[in-house]
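Report on the following structure.
Chain lettering (A, B and C) follows the sequence in which the chains are written, and residue indices restart at 1 in each chain.
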């Protein structure tokens, strides 16, 4: 197949994997997505809906309650904003991360090891890349719905300070894509549920330290470097810049970080799925 | 008693003699079992009971505190938040131990039925689990207390009483959760719901990060019924002598103790009923 | 008969409108191997739970070792070993730890439990797996471990609910061998099964139950004598021709039973019956002569098969 016939939305990973494409990718990600949507019909909608409330509760508690103690805070670009407007974009990025990580760890682990779903899929003409992209797409869909809901809440509370807030939506999807693709790759190495609990445990400090609730400048420089090397900080800064309207060239770095993360995650996941099932 | 009851028969007398020890000590046998089962995850449990306070204190005591340089009332923000974190840690342990493990014991790994086939009764299973959970909470909370003392967050010499306050809080919440989870027969994501609409709001709206009065009045009742708020305030009285009327302190203790007693009673009832099919 | 270890009379259990056990009477003598044979849903497991002193009866009376389970649950259970239909081993513990923990429930000293655990692992042929995780055991191994666990208190009565359901033939035979040894040692066995061969192998005496009631009682041999002929001829003519052939076969053997896929001819002499069939000018696709079994007894009593 020539490069010219690639679908317009082809990702970097697809292009990179092109020589072995036929075995990896049947161009039928739609079938995986269709199955996923059918499966959600039988899940408890309340549970799915409940995921939306978590960041809202945080916003009410910290934004309103704690915010009353704090007043305004300064962003990394020097803007003075109300505390709620400071944490709301961070919560948006965090919920994208949490949703993507949950879907790509717990859910994928269950499908890999218990329901043997992928094994069944890969005995058909579907390739591992179809499966990986399909699953990631489903995780993103859920993330997009949460994000949209949360942004409506932000608008109602007057926490979107500039029109660029609209761009936060694609930014959030980028973040979720990054975490979902990498999360799936990591999950493919896991053997027990306890190991997945460690993922949750490791995400806790990232959640608390990545400029979510306060500037990282309170920490010594060495720790700041570590935080800046981790993905969530880039996500928080990117979304905050967009909702507060403080655009900066650093945003290209943040976006670039996620593009690399997505590429690594997709390549990694695909090759793992192939190693696991297409021996 | 029926006419068939012949307690004088030799084999009946032998049964009654053999039943004496389990009737008396059964709860402790269950506690022993649960502790033995911890071997599988003891390392993780210890690491997490040490790791969690360090992470939270670092994040909140250092990070959030930088936003509230004036402190809360007469104390620093760290001193204000530390007893809340201790009570929350207790809640986290008990919520974990009384959610999936209870459902699992009836359903996926139905050990409760196995226990009940021996002389152990449903009430003893509940007691034994609670003894084990209480021990876990006391250890976790004591470690937490040690860490916050090192952070300089306990000005009062009565501060160690906060260990008791946090333990009571955790146990009160634990039995309430067990009362519910012991009735679940089908997994329809109730655990996620419990976490999101139970544990998380308790954590966020119980005067943990800020005094309850900071919240709009319509959200404050969450705090009043929240065992975590009562437990946190009790802990604050212990660690820095929070100024509150004596009747309120008594109310905290009374509320938590009542929840514990009622929750334990209800959980035991549910277990007994569910095991007697 | 010496003083029975279990006496049930008019024993009844209802769940709402549904009567699971409908006034049954039976006695079990010490050292006896007693079976409840019946299809799924006959009320066997409910009966076992009542005997196991974990399910309160609705009415009637029940005495185990002279004690009423309503007042003496823990005392009675101290003398029982229970092998439930669904294994409930603790998957969080390893093989040997399962035995140690369970022994402690009976208030046995740790040293005693440890000694018995090793002996029982030997008995259950699991010594080399004693450090394994329960999850890694095969179905047959799990079942043997459950039996070993049930023996940790040296029970007077061992209750087994469908002990070999779900096991492959080889695993079943290993299990039967172990249970036979227990029987030889004088342990009272009470078991439920819907496998007639299991009932024939293990039970001295059994009751046939259906829809919560006892249909017949006796030793396997006496039940077969009473409710069936010595031999059975099975003939097949193809599913659409069986009914027609059966009509023409009226009078052959003592009794005919027409099933969807075959016709059973009850007769003292199966070969002679087959000859009679061919004399009628009928040519079965397949034919088989075998001895009567409890399956035939059940079919006679209820008009249905044990396994449906």
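Here is the rule we use: a residue touches a chain if its C-beta (ideal position, glycine included) is under 8 Å from a C-beta of that chain, and two chains touch if they have at least 3 such contacts.
Bear in mind that the values here come from a model prediction, so they are computed numbers and not experimental data.
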Chain contact graph, described as a line, ring, star, complete graph or other shape: line
Greatest Cα-centre separation from chain B belongs to chain C
When the centre of a chain is set as the mean of its C-alpha atoms, what distance in Å lies between chain B and chain C? 44
CA centroid of chain A to CA centroid of chain C, Å: 55
Distance between the centres, which are taken as Cα means, of chain B and chain A, whole angstrom: 33
Chain B partner, complex, touching residues on chain A are 43-44, 46-47, 50-51, 53-54, 57-58, 60-62, 64-66, 68-70, 73, 83, 194, 197-198, 201, 204-205, 208-209, 213-214, 218-219
Chain B to chain A touching residues, read off their complex: 41, 44, 48, 51-52, 55-56, 58-60, 62-64, 66-68, 72, 188-189, 192-193, 196-197, 200-201, 204-205, 209-210, 214-216, 219
Per the touch rule above, chain C residues touching chain B in the complex are 3, 5, 7, 9, 46, 49, 52, 54-56, 61-63, 65-68, 71-80, 82, 84, 86, 88-93, 97, 100-102, 104-107, 149, 153, 156
In the complex, chain B residues that touch chain C: 1-9, 11-12, 14-16, 18-23, 25-26, 29-30, 32-33, 36-37, 40, 109-111, 113-121, 275-277
